[in-house]
């Protein structure tokens, strides 16, 4: 279609996408970085802190950008990260 | 594969006396107005072999044709020449008449004294008459050498390809399918429906657009004779009328037919984007169906949006959500190969993007919207559920202004009228009144064109409903920062006063423009386009849905801007035209293919090398070329290439062309231009110049060949040898050649001639090369004008020198 | 670890064995993750699942799944599983082991179990070398690769495992990399439901050894190699699926039906008993 | 038991030792056999192939003896009594997994019908050359039980006993037959099922949560849960603790597990060991023999008595654990001990070890033929 799509869709605010809650079990992490490398929304990055096994666990940059695809959970070799859908009953 | 050979002597023995009848047509005053037809007829009677010569008012009329038939019987005519309009118009008519009188239709010849004479020399009666005589003389000279020909027949595949799944394509496919032919309907988008699916109501009857379209859509979806190829594009079309080989790229949907379109996948999909179908006013997911009534209803995944790139499934939300396990990310694009006999082009049109008209502020001011956006807004199934709300605050505006001719009838945008905008606006204004009667509605227009059936009534109704029509488009639209309302400034040209009016929302009535991908389709099917960019019909009046390419037809907005009714009408017309071919099952190929003169052929293979259709092959054992007639399109570039005269181009033989040249150059050659024009572009362009009454010098003599590729260097040399001042070789634009690429040979040969002329110390300006489409009459006319300067500058000596140098050749 | 942070798959892990011994960037944990995800999605009763492994890094996996599990001697996982499956057909017996264990020392058991069409899935973690012993070359080490026992480059041709499995008679054969976790999980589910011998090869990173010696220092480096080299093609000819640095053909290669050993055995036993009249123990 | 059992072919039969062993296994409740053809043990597999389906069990011919032994362990862990049968070369291949069976305390029975070795040796001739391998065949330290039948009847009886012991002590038990006993056919009596004593492994009495798969009772033997019973336990050939968790670098764990798997046999030796004493009460010359050799020895001893020589026979039925104390008692009263063996001296070393000062005369016999009574009598007279 040649008509430029430029507007914010009128229903943009009505469309509710599930909000994510990302949990990181820091001391399980070995710092392989798979979750960080493969996140489609680049929501994760290495943190400065060292965990008890001397690795830098990931930290969440902007949870609101998480699409809840939970690939980080699926690809984590150490069961150190998982996502759950935020309960927005009381609003988020 | 049928081989055609030439057994030295023609069916007609040469010793038989040639008896030619000449008929000069007045065409009312179209010709007689600027040519003395009686004198031309008198002159004709003096020409060799002419036994009858008459002039009459309308030769194409029944009486006119009867006259010819009677004379053929009475005077034992064995050649007929009609001097009237363009052979592109009436050659078929007269050929048929000849046949009815028992004369082989290839023994008929035409002199084009209307489009290429009377109409282009309206005010030079003498000179026009002189030219007409020359043209008749040339025709008679050629006629004397004509031989009867038998046409060969090619079978037609009884399947059709329809390109484009809008309402036109749907209608054409349904008509053909119902007639019983297998149809392939190819649509670029995920669903059929096209523009009509986006529109809310149709004018003038105010039917719900999708309500009347949806049934047709589902019909094509499940029609036993129609194979729907959505999300697909035509990549390649090879072959010729009745026998097209088509390659279609079928892009993957990533969702299988298992899909029940329950929508669970879309609910689960975590990524959104503006929905193109709603012109971006509503959101969709990465897995989606463009609209509720889409056909096929199978969902589709937008891989550019989807989180899953490079075949790695990062997100499996849709897969998990789909109970039918219909989602398959491993689908690959496939190329489908089809064989069809006919092609219908219904590729539709685009909508003008008003962003470039900065004075209207589209894209800057949220409450300035296009008429297409309006259709989605007012549509119950649209983003606002049918509520007319303005984007800035989602409130219903108290006042609305329509601005007409946005992108139409203006050098900003397109020069042509987009045909539907006026009625569309009237319809839209009434829709608003229907739901929100209090709304203040203004329409700013240039002219209101309510030409169609029931249109005027609707216009009247709008006025009665209190919609205010103001002549004079706003010069500028400015937004009120606070209210987001819009100020329109302009002049009411009827009251000759300036206006400054404030509105809650402005709707730009945007025009229709050719699709961006038109050029691709044009190349695929060797079509031509008019200056506006829409596809050209074979004849604007008599073959309005045919194209110059046999077996290819046009429907809908691809041909020109038009409303739904016209699109559907045209679609049915194309279906009928295509059915005629397929019902016949065979098509006769014009007997203009080459004949091989065995004794001259050295099997050098030059002809095979230049043939665009690989219709000639060299048989090494038998030491000869072989012509596959079914594959040959008759461009004649092989005949022009053969150095041994082993290939005779039927109906366009060397002798016949020489005869035309010689006849044209008997008197005042040194003042004349010989123009070799290809039938499809240059000659049609010259006709178009005539139709548009473009005036140019009278001293040009046009010789028609099927393709400029037929023009052998020796033809040009012959003309110079006969002492002409200048020669023009004209054909289709490179890349647009009706015979794929034959005109590249033309270019090569002309360049060779230029070198030769330079070598011989002749001014190469005297040989001109022109690329002009059927629509570029202006270009042709001005070319002749500019060549007039050359003609005047050529000296006696130079002409003599040329005769000397090229004469021996 | 605070109690609200309970991983959704925790229940499928033998918690007192976690954390596992695998290195940073090793893909074995991903295979474990996919495997228990498959169990979870199929809602299989963990009490009826037996995980059998051999020797090597991945051999430790049987310790981490919260099911009945057994860690056998080098190469014998399939043979042990044969006994379990035949003795208790109602159990889902799964063999998960490495390329060296299954195809060097255990190669004989593999081809014969496949030939018999024994009802077990075999999941092979292929990391192109012997990790546990410090990165020696094995039956899948690519030609020219550097390992501690091929210090001058590997001069042996590697196995094409999917071809081997198909030729040996497996009824389901698939290959994925640890990057294709979703597809791998689906394949594992398919294999768990399949009657007969199914085989899944999982190309997995060993950055500490194989990677380090072959210019892929981190797990991410190896995953990136998988990303650019892997090409998905279903039901293509396994014979043409050799792994090269440029191309790793992945996908489902075989999925066919063939009476399984278990079924034929049961039928034969039933017949023998009919002949004999009701036999009791 | 009124109705005739398909599993126990009660009655009088004339069959060879291999077949009798197979019948004994079935009578003992064995329902899984995995093996690989090898002379002279093949008849066991053939009989099992016929009989297992009939009694609803499984008999599989594996690709090799490595696999056979592994499969037997698998079946046993799945809760089914399992056995394999082989001879020297195959027995060597089985050692790897006999070690695994010992380490993971797996009840199972291995019938080794001994032939002449080393290597391929004498497939069709008898030998007693694997007696030490039976004890020390696998690497590492562990205890197994080995029983030595010397008649077809004993092939039946001792195979049942082998299963009972393996179930009791969670240990591999080897039936060390030889080619002659395996191949000769004799009259045997198969009792009715009610007359046959069958022991099954003890099951855990605790809930899965509390269950520690390698935590022993007072008898040093841990109750055994099986796959699919809901205990979801883990077993490994690695050094492990009572939970089954690998403890490869813990000296304490290694010490505990190895010591226990040895002690559970050693400390229960009295309950395990079976011997047969003939005319020992006043014997001055005692022949210590086992297997087929013991049968020649018996007639030799009888002849000696006729000739007035105070000879007696001490037959080893249980070869491993070795009956140290009983042999020591014999040595106390006897002037000298004669040990005929079909090897170059294996069990004789054990006898010497225990007999201390009492002279021990060794009577070897190689070549694959058993000792003739005359040869043993000759040896008795010379002493």
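Residue numbering begins at 1 within each chain, and the chains themselves are lettered A, B, C and D in the order written.
Following the convention adopted for this analysis, contacts are C-beta pairs under 8 Å (C-beta built on N, C-alpha and C of every residue); 3 or more make two chains touch, one makes a residue touch a chain.
These numbers come from a predicted model, not from an experiment.
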Pair joined by more contacting C-beta pairs (C-D or A-C): C-D
Averaged-CA centre spacing for the pair chain D and chain B, given as whole angstrom: 98
Approximate Å spacing (C-alpha centroids) for the pair chain A, chain D: 62
Distance between chain centroids, defined by C-alpha means - chain C, chain D (Å): 37
Distance between chain centroids, defined by C-alpha means - chain A, chain C (Å): 30
Residues of chain A touching at least two other chains: 38, 71
Two or more partner chains touched - positions in chain D: none
Where chain C touches two or more other chains at once, by residue number: 179, 181-182
Listing of all chain pairs that touch each other, if any do: A-B, A-C, B-C, C-D
Residue numbers on chain A that touch chain B, as the complex places them: 1-7, 9-12, 15, 17-18, 38, 40-41, 67-69, 71
Of chain D, residues touching chain C in the complex: 5-7, 29, 31-32, 34, 52-56, 58, 60, 62-64, 66-68, 70-80, 82, 96-97, 99-100, 104, 227-238, 243, 245-246
Interface residues, chain B side, partner chain A - complex: 270-272, 274-276, 278-283, 307, 309, 312, 314-317, 350-353, 355, 363, 366, 370, 372-373, 383-384, 389, 391, 394, 513, 516
Interfacial residue positions of chain C with respect to chain A in the complex: 1, 5, 7-10, 13, 18-20, 22-30, 32-34, 37, 178-179, 181-182, 185, 218-220, 223
Touching residues on chain B, where the partner in the complex is chain C: 310-314, 316, 319, 330
